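In the two assemblies presented below, chain A is common to both, partnered first by chain B and then by chain C.
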Partner chain A sequence: MDSSSVGVMDDAFRQAFSDGALSLLVDMSRVEYISSGGLRSFLLGFKEIKKKEGKMVLCALSPSVSKVFKLSGFNTIFDIVPGREDALVKLRLGSP
Partner chain B sequence: MKDHAWYDVPGAPGVRIFPFIRKPDVVCCNSYIIKAPGHIMVIDPGADQTQMEEILRMLRDLSGDGMERVTFFLTHCHVDHCYALMKGIGTSMMPDGVIMLAQAEGAKALREYDEDVTQARVMGWDFPPVELQVELRSLLTGDMPDEGKVVQSTQMQEMGTAEGMKIGYQRIPLGEGLEMVAYHTPGHSPDSVCYRLGRLMFTGDLLFATDPGIMGSVGWDRDAMESSIRNASWLLEHEGIELCLPGHGYCVETAKARTMLERMLKEVRNIGAIKTKDAERIRFTSNYALDMLEEANENFSVIAGRLYYLAYHLEDLEEGSEARKYLDMLEHDRIDEMLTSFNRFVEEFHAGRKLQLQVTMKAVQTMNSINAIFKGSDLEAVMDRSLISGTSRLLKDFMNAVKGIELDVVHEERDLRSLVQEIVEDQTARPEDDIMDCLDDPERYASALARRIAHIPVFDDIELHLEGDGATTMLDPKRFQDSLSGLFLDLAGSDVKKIVLRLDGTSLEIGTDVDLSSTVGEKKVRALSRRFELAGAKLSVIDGAHWHCRIECDRP
Partner chain C sequence: MPSCEIRCTTLPSSIPEVHDRIDRYLATMDVDEGLSSDLHVVIDELASNIEKYAYDGRPGIYTVRIRRTELCLEIELEDEGKEFDPTGVEETPVTGDVDRPIGHLGILLVKRIANGLSYSRHDGINVTAVVMRIPYKNNIHEGDR
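Presenting the complex of A and B:
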């Protein structure tokens, strides 16, 4: 996810919010790389859903994306779980 | 002067010029068509098929009754300046009796199809492409007077320029009192030539001959380069030149060209021996560029991520203006765009549409621009020292590797245990927390708050054990510590919960509890090994499944 593709993520968040979504599951299994623009897109999406008192859970981070999240502190902002099922459970039960 | 338009040549009445100005690239140069009464000339036909076919169509249209002489002038024999002609592109459109002029050594390299001097080997282009269809004649031949007679009665002469300096030159009559003057300006290549026509100077690759990635190609000569720079500067001043028309990129006004030459003179005087950019060296720098891109991608994502993290928490604390200040510290969007563009370029390379040399040149351009942004930022106050210095070193080492100069390595006798201990303490330490001392000073309070938030304790959940005794080693302590910090960050970014560092004399073994083959894979190990090697140590991975490596340092 770099500066050329981050617009797709921005649009997906915009669409989800305009559809009234309050629970977001982001499956990252096909994201091999995340640039600063990608991180910003996630943070903006997270702030928006937090404002709406909704929830966002990320799952299936590749090792390289997980590394960027850990080293930049993003793992302490986002709810990150290993797989889709874990994410669905988290969204149903409500994250702590 | 702009691309694809006719202009009068200043100082040469009745002569017009039509430039083909390209975005700078290593696969083809700019070309210039010149129309004088009874004579059509082309400076450097280039290597691009479309450009060559357009040139030949224009020659056919301009030649009218076919009575005009047609001459191709080469500024030097590198294939990006002449391959289209050598390849015989558009032979059927080529007028009869065409002559190609090149300085004697370049003409010899072309006649003998020398793959190294012409750069055909580093470009990976066929050589010899075809039997040459035009008559190749030599210019500026001091010791071969017969061959040097391009036109009756002209051959190389010498003139004094700056104090104690001389330059070889040759006048080439064009008819009706007009002349082209060729000046020998070796350095970039032995056969480099500048041509003067009226008040225009065609400079070939002279003005960027000391750029990283360009300097040091086969035939590079530092001393000759220094003389040529001084000679060219003198010529621009004393021969009434208005505009320089380079082999790549936009035209340069004389004042700016002289400033460029002054900068080049300083560079060339400061540079020592450099490695020749032969095919093997190009392969090395291209692989280096690919490895470095992965590291740069990751480092700049982490750096930007940390600034976003800091700004996010500051905004939460209603410190919006402070948050903005940290977000503005680094133009990460610009860096992101540049890295994206480089990533796309690398995809083209892997698809076989770009050459190794182009990858290196793209890396140079990208990293130069990123470095200018990164150097000007003030991140140390809110970012780990190791992340900043490691990233700076990454950029600087790559540029020096491309230049082919020795890297700044300073080996010293140091105790291995204390070097490792310092890094372990540095990684696990918390920043000095003076927030309680500055509650009544809003500015200091905001900075202290930012420092506290910015500290990301990546090692808090990792057990770090340092065991054994180290001996005195001989290494570059700063490079060694930066390399070790970088390795620690790689480990901290994975699922490692325990790291054991075991010292035994001059060796350090690092063991973990997890499989790191996906995060510390082949490329990462290659990059780490390169860094430790420069520090004077050798890294080898003993076990990838339960990641375990050994770092052997030199004894004094």
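Presenting the complex of A and C:
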């Protein structure tokens, strides 16, 4: 996810919120790398869902994507779990 | 050692072509997959900065050069925009406080991913140089340590 593709993520968040989504599971398994534009898109999505008192869980981060989340400090903001099942459990439980 | 030179515009539509050229270049050598992702991030960040700051958001031309040495990738980005020294900006690290403004996140990533970042300006040309160490393919990925 780079500066040329970040608009796709922005649009996906916009669509989810306009559909009234309050629980978001973001499966990152097909994201090979992420740059700061992608991180900012996630941050905006996170702020929006917080405002709506909803929840967002990210799963299946590749080692490279995980590294960028750690280096940027974004791992301290987001709920990140290994797989889809873990994410579904988190969302069902509604734990912080 | 093989090298690669890509001359492109700062238009976002040219970014996929740049990444494609980088992938083709890296395919010619035996490097770790993590290094490839790191290189994409570094070049994307530096190219975005050229577009935003050196050319003030207007379309401009820049050149990416990548050269492999025995232990490193040496990357240079050149542009003819106004003077912009990415090493001089102050990044604001992200904390748990999401409402705190984030400054120069891209440069923060470049500094933390790369093993060296330098800047020079000669005859109206900005040259940003980055060094990235090449891990052996069977090494543990840096991000997993």
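Here is the rule we go by: the second predicted complex is superposed on the first by the 96 of 96 C-alpha atoms of A that agree within 3 Å, B and C clash if a C-alpha of one lies under 4 Å from a C-alpha of the other, contacts with A are read in each partner's own complex, and residues count from 1 in each chain.
Following the convention adopted for this analysis, a residue touches a chain if its C-beta (ideal position, glycine included) is under 8 Å from a C-beta of that chain, and two chains touch if they have at least 3 such contacts.
This structure is a prediction, so every number in the text was calculated from the model and none was measured.
Within the superposed three-chain model, A:S18 lies out of touch with both chain B and chain C [touch as defined at top].
Of the two partner chains placed by superposition, chain B and chain C are both touched by A:K70.
Contacts of A:L43 after superposition: both chain B and chain C are touched. By the document's definition of touching, of the two partners only chain C reaches A:E32; chain B does not.
Residue overlap on chain A between its contacts with chain B in one complex and with chain C in the other: 2-4, 33-37, 39-40, 43, 47, 62-64, 66-68, 70-74, 77.
Contact residues of chain B toward chain A in the complex are 297-298, 300-306, 308-309, 312, 332-333, 335-337, 339-340, 343-344, 456, 458, 489-490, 492-494, 518-519. Looking at the complex, you find that chain C touches chain A at residues 12-13, 15-16, 19, 33-34, 37-38, 40-41, 44-45, 47-48, 93-96, 98-99, 102, 105-106, 108-109, 112-113, 141-144. Against chain B, the residues of chain A that register as touching in their complex are 2-4, 33-40, 43, 47, 62-64, 66-74, 77. Per the touch definition, chain A reaches chain C in the complex via residues 2-4, 32-37, 39-40, 43, 46-47, 50, 62-68, 70-74, 76-77.
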